[in-house]
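For clarity, chains are labelled A, B, C, D and E in written order, and residue numbers in each chain start from 1.
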Amino acid sequence: MKGTLKVDAKDPEGTIRGLFARWLKEDRLSAILTPAYSASGTATMALVSNPEKLAAAAPLMPAMGVNSASIVAEIARESSPNAKVGLFLRSCELRAVVELMKLKQVMPDSLVLIGVDCPGTYKAAGFRNVRGKDADFDNKHVREQLGFAGNVDFRMGCQMCEYPKPLVYDLNVGFIGLDPDKELWVEAATDKGKALLEGVEVNESEEPAGRKAALADLSAKRKAGTARRIEELDKAMLGPEKLAQYFSDCLNCHNCMNVCPVCYCRECFFDSDTFQRDISEHVRVSLRKGVTRMPSETLLFHLTRMNHMMTSCVQCGICEDSCPVTIGLATLFKKVSQNAQQAFEYVSGRSLEEPLPLTTFRETEFLKVGEE
Amino acid sequence: MATSRSSTELLEQIEKLSGQTVSDCYQCGCCTSGCPIGEAMDPPPSKAVRLLQLGEAPELLDSDGIWMCASCLVCGTRCPRAVDYARIAEACRVLVLRSKQSRVDPDTVTGPELEEIPQQAFIAAFRKSSV
Amino acid sequence: MADYEPKIVGFLCNWCTYAGADLAGTSRMQYPPNMRPIRVMCSGAVDSVYILRALLEGADGVFMGGCHPGDCHYVSGNYKARRRMVLFNSVMQSLGLESDRVWLRWISAAEGRKFADTITEMTEHLQKKGPSPFKEKWEV
Amino acid sequence: MPNDECRLTGTQPPADAQSTIDNRQSKIPRVGVFVCHCGINIAGVVKIPELLERVGTMSGVVVTKDYKYCCSDPGQQMIRDSIKSDKLDRVIVACCSPTLHETTFRNACGEAGLNPYLCEIANIREQCAWVTADKDEATTKACGIVRTTLTKVVHDQPLEALTVPINKRALVVGAGIAGIQAALDIANAGYEVVLVEKEPSIGGHMAQLSETFPTLDCSQCILTPRTVETGRHPKIRLMTYSEIDSVSGYVGNFKVKVRQKARYVDFKTCTGCGACLEKCPGRTESWFERGLVRGKAIYRLLPQAVPNRPVIDAKACIYLTKGKCGVCAKVCPTGAIRYDDTDKFVEEEVGAIVLATGYELFDATKLGSYGVGRVPDVIDGLAFERLLSASGPTSGDVKRPSDGKVPKKIVFVQCAGSRDSTTGMPYCSKICCMYTAKQAILYRHRVHDGQATICYIDVRTPGKGFEEFYKRATDDGIQYLRGKVSKIFREGDKVMVWASDTLAGRKVELEADMVVLATAVVANPDGVALARKLKTQIDAHGFMTEAHPKLRPVETLTAGFFLAGCGQGPKDIPETVAQASAAAAKVLAMFGNTRLTHSPTTAEVDEEICVGCGYCERTCAYDAVKVDPARKKAAVNAALCEGCGACAVACPSGAMTHKNFTKKAIFEMADQF
Amino acid sequence: MTKYTYYPGCTLYTKARNLDICARKAAEKVGFELVEMPSWNCCGAIYNAASDDLAAQVGPVRNLAKASQLGDKLVTLCAACHNVLKRVQNRLDQPGNEVESERLKTFVDEKYERPVKVLHYLEVLKQEIGWDNIKEKVTKPLGGLKVASYYGCLIVRPKEVLEFDDPENPQVMDDLMRVLGAAPTRFDFKAECCGGYLVVNRRDVAKSASKKILDNAKAWGAEAIVTTCPLCQYNLDKLRAVTDGSIPVFYFTQLLGLAVGLAQDELGLEHNAGDPVGFLKSKGLL
C-alpha cells in the first residue's frame, strides 16, 4: 500500500506526530523511538510511550548524535513478544539495524521499522546553535530541499550518503520530491507496515515520478561528490607513508569503534590479552627496529577493524564525528567499505536475506585468487 | 621421428592461426567418422592432426585434404577434446595462400552449370582457395 | 640493497601445503631459507590480523598455502580463506598498500615441486621489490 | 649472523618478569629443547652446537640437549629423564616432520608424566636441513623454526583426549552388491545393520545383468544367495523403498531419519502370491527393464525380489490417480492393499555409515548425434543386458526393440559419453571395454551367425583374466574397429553408423540392425544429492571423495562415513565387493573399541565475551557450533568439532578459541622472524 | 507493425529471389516489416577463421556498423550471411576481445554505435512474433505435407556463437512447419553438410554429400524438403538429378508464404528446379 498523506497546517512534522499519537493511543505501538529535543533544546533520541508526551518528538529533526541502531541493539537484544516498538529512523540507522539483525544482535519480532527520508543531518553537538530559536526549523529544512545535495555543513557521512530513502522498512514516510507543506509520501512494504496505515487516510497512488527523479538526482549528486572526495582523500592517504601520516594523530581511544553501530562485540579483540605484552616483549620488538612508536598498535587496530567490519559498514560516518583528533574516517571508510562490498556484490543493510559475505561462498567464484 | 626446424615453426604458426592445440587430440577418429565428405578427404581430419602431432606439417600443407574441408564444423562440435579441425584446415590453407599459391584458379573453373550456381559459392570458394 | 634478505612468514595448512613442503624436503628440492613456516590446521584458520601483525612488525612478505579449491580437508575452509583474501586485498588496495607482499597459493600434498618453486619465486619477487615499507614508515 | 634473540640476553630482565607466556598462567615455563641429528640428515647441514647455544639463550628454555636419533629408545629415554630431572613443563623436539614422530614424542612425554599436548615438534629436517644447502643459512632457519615453536609451546595448554561412546550399529545406504556385501560382513561379525534401499527390492544393477566378465558366471545365480541371506539375516534390518531424510550427530552417534515411501501394500499381510500383478491394468516405465517393456502400476522389481512383496507406483495407479479400478484390492486374497498408505518416517541410531549409493548411466539423449530416443534400435548397455538375461523381457533371446526381429548385425559403440570433455564426462568409465566384449561374445552365443563390430578408442584390459577375455572376443570373430563413432541414424529398417578406422586412416559407414552404446557410468544422482545433504565431499562429477586416494580409500574426510562401490567411482563387481568388505572392515575396526578418541584441539567459547552473533555457527562445516538464541551464546559440540579453527577466525571478538592454536599464540608466532 | 533492419545479401537478389520475395511479403502477412538496409555490402560469403585475419572481417564490420546506426537488431535470411555477420558481431562484442574489436572498428568510417543483435528470420518468427500469432495468420494450412526440415551447417554451428538451436537436432523450422499445417518428419541429416561451395570445383563431392541427405529424408518418408540456405537449396534441388526419384526442395519462406495466403505468382516457384507447381497441385495446395 502506498500513496500520499495530506499535511495539515503546513506542518509535516506535526502530521507525523499525529500519526505517532494515533498509533500509541490505539495500542498499535507500545512505544516509538524518535528523534526529540531535550528540555534544554539539545538534539537527542526518545522512546515515547505516552501520546501526551509527544510534544518533544521531532521526527524530521536534521541532526544526529548517535547512529540509533546502537540504541536499538540495547533495547531489542532479546525478543519481547508483548512489546511492539516502532523505530522512526533514517536510512543509515535502518541499514545498520538490518546488519545487526543478521548478526543476531537485534531481534526483529517486536520491532516495526518506520523509515523516514533523510536528506542529511547536522552534528547533534552544537545543533542547538544552528537551529537557534526557530521552532519551525525542522519543517523549514524539509521545505527547502534545494540545498540538500550541496550542504557542506552536514555531517561528512551525510554529505556522501546516496540512500536518502531507506532500503528496508515496514513503513516509509517520505517528503523528498513532494511539497511537504501539502503532502507526505507513505509506503507500506510489509503487513506490519500496512497495519499501521489501517484507517489512515491515504490517497493511494504510484510513487510520483517527481519524487523518484528527486531521489535519483540527490543520490547521483552525492555519488559525484563522494567520488571527488575520494580523489582528494587518495592524495592525502594512499600508500604506506601517507596512510601512517593520516592516522598519526590517533590516540588509540577506540571512540570510532565504540560509536560504530555495527561494531557489536561486547569486548573488542583489541582489549583482549592477545595484545598485552610484557616489558620483555616490548623491549624485544623495540630492539628489532631500534625504536617503536607507543602506543604501539594503532595502525594494527584500524587495519584489523577494517577487515572485521568493512562488509557490514553502513557508511554513516558517525565514527568521524566522534574522533577527538578529527581523523577523516567517514571518507576513508566510505571508500574502503564500498570497495569491499562491491567485491562481494553486497550492500550492507540492503536486504535481510543476503548472507553476510564472510559467512558464505561459491565454489566457482574468485577463481584467480590463489592461482597466479 | 625427426622434426625439422621449419616443420616445428609451421606447427607453431598453425596452432597460433587456428587457436587449437594439436596435442589435445587423442586420435579417437570421431572427426573422420562424422565428416560428411570424409571419404573424399585425403588425409581425413584425424590423420591430418596426426601428421601435425608427428611433425609432418609440410606433408599436410601439400595435401588435398585441407582444401576439401567446407568448414561445416561438425568435427569440432562433436570432438570429445574440443579440437576444431576446421580451424586447423583454415590455418593450413591460409599458410599456403600467403605463399602466393592458389589452389583454384578462377579462370579454370568452367562448365555449363556455372551459370546457375549461387554466387555466394563462387565468392566462398575463391576466398578459401585462391590468392 | 645487496645485503637485503626478505623475511617471509608462512602459514601452511596442515593437510596440503605443509605436507607439500615436507615432500619438497623429502625430495631434497632446494629453495631459499627466507620463509619461517607456521603450521596451521587450515587456510581457513588464518586471521587477517596475523598477516597484518607480521607485516607491521617487519616481515617483508606473508605466504599462505592451502589445499586446492574442492580439496579442503575441512570441506570448505579454503573457500572461506579465499573470501577473506578477497576482502584483505580489497582493503589493502583501497589504502594504496601493496597486496603483492601477501601470497595465497593452493599447493597440495603432492606438489613439493610447486611448493619449492613458489617459495623461490616469492623470495625473488620480494628481493626485487626491496624491503617492506611498512616496518620503518609506521614507526616514530 | 645470529639473530636478535641472542642480543636480548644482554637486557634479560629479572626472572620473575621474564616471560613470553600467557599472563593467565602463574608459572614461568620450563622448556626443554631436544635437537635430533637424524644421523647426518640434520647434523650434516645444521650446525648443532651453534643451534644449541642460540636456543639456550631464548627466554623460557631451561635445558637444551642433542642426540643422534631422538626417536630411538635411548633418545626418548633422554627426554623422559630430562623432564623429571630438569622439572620440565614443556618440551620441544627439533627433528623431522610432526607427521612422522609427533605421536612418538608426545607419548614419551606422557610416559614421563607431562601432558602430551605440551610437547611440540620443530620441523628442522624436511623444511630446513633437506631444503637448504648453506650451513649458516640452515642453522639460522632452524633457530627461527625452534623459536616459532617455542612461542607456540609456551601458550599450549594441557589437554585431555576426548572420548565418546560408540553406538555399535551400522547404516548402509544402498543395497546393490556393494551395500549387500558391506551389510553382510558387518552383520556376520555380530553387529546390527540397517540397510536402506530406495527401490522396492535389493540387488541393484547387478540384478539386471546377464552374465559377468571375464568368467561368464550368471549374475543372478551368484547374486541371489546373497540377497536371500540379506533378506533373512537376523542382524540386518532391511528398509526397502526408503530414502535417507536426514543425518545428525557425529561419528559413533549418528541419528538417521529414514523416509519409508508409501508402498500401498501391507508387507505383513501380503504373502507375495502375485495375483495382483497379473490383473493390474496400470502401465508405467520400468526402471529395471530399461524401458524395453512397460511395467505395471503394482509391481515387483524382479521375480526373485527380496523382499518378495509388490509396491504400487502411485503415479501410474489408476485407482490412486483417478479413483477408479481397485482391481488389485479385489483380487488380493489376504486383503493387503492399502490405498491410504502414506510416507512414514523412522528414526535409527547408528555409529557408522557406509555409503554405497552406486551409479547410473549417462543420459545418452545428450549425445545428440547418436540418435537415442529417435532411433528405437539404439539402446544402452544395461538395456542390452536385459535382452541377454534369461529373466529379461525376451527370456534371453536377442530381439531388437523396434520390430522384435533378431538382429544379424550389431555395432557396439564404446566411450559413448566417456572420455569426452565436451558433451559427456571426461573420465574413462573403466568397465565398458570388458562388458562390451562380454556382450558381443554373449550375442554371438545367442545368434551364431550374428556379426558384432565393436567401435572403440582404446581397449583397456587391466585386470585378472581381462586381456585373455579380450583375446577370446577377437578369436570369436568379433570385429574391433578403432575409431570413435560420430553419428548414428536410421535408414529404412537399418541403423547406420558413421565410424572410422583410424588404423587404416579412413572413414567407414556401417550398416547394422541394432546399436548398443556403452554409455558412461555416472554417479547416481540420488547419491550425489545425499552426499550434498551429508556434506561429505564429492568430486566435480559427483563421485564421493575418499579421505586419501592411496592410503584411506574407503574412508571419507567426515569421520564415521565409509565408501563402497560405484558411488566412489566406476568399478567392476570384484572391485566393488572388495571395497565393500574393506569398508566393512573399517566399520568393524571402529566397533572393536568401546569408545572413540577424538582430538582435543577443538574450538571452545569464552561465554564472557561471546555475544551470539553466529559468525562461528555459519562458518562451521560440521554443524559443531550452535548459538543458543535465548542466551546468545555459542556452544561447541566437541565430538563434532574437527578442529579446523575456521570459527575462531570468523569470530571478530576472540570469544571463540581454537585450543592450542589460540590467536594470541599464532599472533605472536607471526612476529618471530 | 514492427520494423526490422534487413540484410538480404547478394544471392537473394539474384539466384535466390524466391527465398527473399516470399520472406518480405510473408512478413507483412504475419505482422512485421523488413526494411532493407541502405547501401549494404557483401558479407564475404564465408567466415575466415584464421585468428589474425582481420581484413576479411572488414566487410561485415561495415555492415554491422551501418546497422547499429539504424537500430539494435539486424535481420538476415541467407544462412551464409547470417553465419558471417553473427560471428563477426560476436568477435566485436565478446568480452576480452576489446583490443581486436577496437582495431576492427577503425577499419571502417561508419561509427559502430552499439552491439547489434543479428537475428535470423526464423528467430524473428519464433522469438519476436511467436508461433501462436503466426498460427492465427495461416489461411491455407499445408494439409499434413510431410516435410523434412534441412538446416545445413551455417545457421547452427558454431553452437556457442550462433546460439540458434540444438546443433544435432534443431527444431525451429520443424516447429514452424507444424504451425503451418505440415507434418515435419523425423530426419537424421538436418544439420549435415551438403558440400557447400565445393560444388564450384568438386561437383562430385557436393553431389555425394547431397545425395545422402536426400536419401535419408526419403527414407523417413519426406515428400518435400525445406531449407533456408541458397547453396543448400542449389545442391539439393538442382543437383537432385543424381538421386533416384525426385523430391522438391523449397525455401521455408515459400511454404510460409503459401500458408499465409500469398498468390502463386508471389512464391517465385519458377526459380525452383523440376515441377514444384505440379507437385503442390498434386497435394492440393495450389
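Operating definition for what follows: contacts are C-beta pairs under 8 Å (C-beta built on N, C-alpha and C of every residue); 3 or more make two chains touch, one makes a residue touch a chain.
Worth saying up front: this structure is predicted, and the values here are computed from it rather than measured.
Student: Using the touch definition from the top, what's the fewest steps needed to get from subunit B to subunit C?
Tutor: 2
Student: I'd like to know which chains remain joined to each other by touching when subunit D is not counted.
Tutor: Once subunit D drops out of the picture, we get A, C | B, E.
Student: Which chain pair shares more contacting C-beta pairs: A-D, or A-C?
Tutor: Answer to which pair has more contacts is A-C.
Student: Mean of the CA atoms for each chain, then the mean for all of them together: which chain is nearest?
Tutor: Of the chains present, the most centrally placed is D.
Student: Measuring centre to centre with CA averages, how many angstrom lie between subunit C and subunit E?
Tutor: It comes to 58 Å between the two C-alpha centres.
Student: Report the inter-chain centroid distance for subunit A and subunit E in whole angstrom, where each centroid is the mean of the CA atoms.
Tutor: 59
Student: Please compute the C-alpha centroid of subunit C, do the same for subunit D, then give the distance between them in whole Å.
Tutor: Distance between chain centres: 31 Å.
Student: Could you put a whole-Å number on the gap between the CA centroids of subunit D and subunit E?
Tutor: 52
Student: By the touch rule stated above, which residues of subunit D touch at least two different other chains?
Tutor: In subunit D, residues 369, 487, 619, 650, 663, 667, 671 touch at least two other chains, as defined above.
Student: Could you say which residues in subunit C touch two or more other chains, in rising order?
Tutor: Correct list: 49, 53, 57-58, 70, 76, 80, 84.
Student: Of all the residues in subunit B, which ones touch at least 2 other chains?
Tutor: Residues 39, 74 of subunit B each touch two or more of the other chains.
Student: Of all possible chain pairs, which ones touch?
Tutor: Inter-chain contacts occur between A-C, A-D, B-D, B-E, C-D, D-E.
Student: Name, in rising order, each residue of subunit D that touches subunit A in their complex.
Tutor: It is residues 4-5, 7-8, 11-13, 17-20, 22-24, 59, 608-615, 618-619, 627, 629-630, 632, 650, 652-655, 663-664, 667, 671 of subunit D that touch subunit A.
Student: Within the complex, which stretch of subunit C touches subunit A?
Tutor: So the residues of subunit C in touch with subunit A come to 48-49, 52-53, 56-58, 66, 69-70, 76, 78-80, 82-91, 93-97, 103-106, 133-140.
Student: Across the complex, what residues on subunit A touch subunit C?
Tutor: So the residues of subunit A in touch with subunit C come to 234, 237-244, 269, 285, 288-289, 291-293, 299-300, 303-304, 306-307, 310-311, 335-336, 339-340, 343-344, 357-358, 361-363, 365-367, 369-372.
Student: Spell out the part of subunit C that touches subunit D in their complex, as residue ranges.
Tutor: Result: residues 7-9, 19, 21-22, 24-26, 28-31, 33, 36-42, 44-47, 49-51, 53-54, 57-59, 62, 70, 73-77, 80, 84, 116 of subunit C touch subunit D.
Student: Which residues of subunit E touch subunit D once you look at their complex with the stated criterion?
Tutor: Listed in rising order, the residues of subunit E that touch subunit D are 166-169, 186, 188-189, 192, 215-216, 219-220.
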